[in-house]
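Handing you a structure now.
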């Protein structure tokens, strides 16, 4: 079945991004297709490459990057939510006149239309938040 | 098949479970995840409410979240079904749609 | 993005899907109400079948006379009035949620249909995609 | 002087206010801010609880948060005191210490 | 940082203050339990008078036999056992919070003193700094 | 009186950082001393300079930067919480081998000891969170 995932909270503060990761892995193992993982609200903060969690804990962003590489996942960070919270890719940094960017490998920044498209295209939308 | 309602909030602190139960039609499923799993345990002040809901609903609880919180299947109210993440995925596909009571 | 997409032809349910936005949180204390509204506005361009339901603390989102000057946060409540212009016209409010907060439809910034909790439950079951934030 | 307890959660969704009231000694102050101000309004299912608490506590509500939520002093339960941010600061200094019921 | 700081001499209450950490949230669903514990550990070096109270869902923080393998999150509950080594020994649990969750002290990973809600209230009033996350 | 402020939530998602700002301004107007503002948990995300909120809304980070300049405030971002969430200054970026930093003007990264010190030194600690 074709599934999409929505993540509404940032990494570590809430379990949402962890639960979404475990769910996505299990869905892939069962042979389902993940059409898209959309990061909204504070969920956009999952997409920073600047995080350095303690060595004995998981690195949520790197887990998503690795999963995306292994399964060619489409990880989309909402542009409007990302602007509010300071998640930038090279393009956005240029457009906003910022002197750097922090988007992690495997994530792309795009519009809310991508969430609606996921809703239309997927047979199920599963939401993880606070 | 009806809807699957996911609840991820502690029933002692938030009203998400109450809201979910108030809006779940007969036959709808309830899946307890994250801090929502605290509703699944027997011997608490919310156990009676959950047992009563079993009349109209299948209620599931996510095992990995149960174990993380120091509990096991033995603590879970009789009649609830413990599932793993694979089971969570199966429920999502078996029910018609999913509604998250954030 | 408003044009029909190629994959819409493959949709078993046809190109138009029933989207419901469930609004259960109060405004300003958290951003969910505002960012949910931002999704609704973008979604309007996709010409889907859109329904909004306000229940629990979500009914406060459409309380009249919000004045945010002294908290330094933008008052976004007038935007609910703009929804009609985007052909978003199915706005439902749960009766029990209104009543337990001592509110009536006179307190609300937009015209809504008031339905009870069982009708909310049925309405949800009719949807294809339910978005909650 | 006793403690000032701040409550920033909706009484309809969370149990923070209940917890604060259970742990406030006679003479302690309660200050409602952010979504906590919803407890301050008359005619709701929680108004009676708040009125009862006035016997043992001074209860304050932050005006800027009241207005942001579409309410005015007229909606506030009699006996509660509406303060602005300056009044919030005064309460913090007048009471011995502050406890936030997050 | 563990050495006495010059400004401590100016403190009207003397160099040692009564700090209370109020733990009201369940572990893992949110980070507050873990990051509160991290503050307690750092604070130990300051040799203040430290009290921890576990109430509401906070009592679940010290539930025995937490096993987080399948959620992929670090199990930090053993760290509560290390508190004694940092001379953090005043651990209180609220009786009503335990009972309403069907728990007893046998379920807890560390020795605690069980006190009722009125005793919790009095204990709070005795503090100088109350930290909650 | 000498006050300190603790902010436990990030900007925009929760009102905490806004409430803390209004409270701090009011305290300064009344002549109180703000010993320190400490950002913990997701509160560290207030300290990013990469945010670009919509033009008709407030920029919470810039408000703090301006207030810190005007009143010589000590805005401290917790180092451990910042590492988890990807808030870096130049030093931290070097130490962690990251290719950039995102700390905003007026904020400094330091240890949790600064929170304890604030608790000892201040006559009141006021906490804003979720």
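First chain written, first letter: the chains are A, B, C, D, E and F, and each begins at residue 1.
Methods note: a contact is a pair of C-beta atoms (placed from the backbone, for glycine too) under 8 Å apart; a residue touches a chain by one contact, two chains touch by 3 or more.
None of the values given here were measured: they were computed from a predicted structure.
Least step count on the touch graph, chain A to chain E: 1. Graph distance from chain C to chain E, where chains that touch are one step apart, equals 2.
Put simply, the chain farthest from chain E by mean CA position is C. Sorting all chain pairs by how many C-beta pairs they have in contact places A-F at the top. Of all chains, the one whose mean C-alpha position sits at the greatest distance from that of chain D is A. Look at where the CA atoms of chain B average out and do the same for chain C: the two points lie 26 Å apart.
Centre to centre, using the average C-alpha position, chain B and chain D are separated by 33 Å. Among all residues of chain D, those that touch two or more other chains are 8, 12-13, 15, 34-35, 64, 84-85, 97-98, 100, 102. Among the residues of chain E, those in touch with two or more other chains are 28-32, 56, 70-71, 73, 129-130, 132-133. The residues of chain F that reach two or more other chains are 8, 12-13, 15, 19, 22, 41, 54, 80, 125, 127, 129-130, listed in rising order.
By the definition of touch given earlier, these chain pairs are in contact: A-B, A-C, A-E, A-F, B-C, B-D, B-E, C-D, C-F, D-E, D-F, E-F. On the side of chain D, the complex with chain E involves touching residues 2-3, 15, 19, 22-25, 28, 96-102. Those residues of chain B that touch chain D in the complex are listed here as 12-15.
Note for the complex: chain C touches chain F at residues 28-31, 70-74. Interface residues of chain C facing chain B in the complex, by the touch rule stated above, are 22, 24, 32, 55-56, 96, 117, 120-122, 124-125, 127-130, 132-133.
Contact residues of chain B toward chain A in the complex are 6, 8, 33-35, 64, 84-86, 88-90, 92-93, 97-98, 100, 102.
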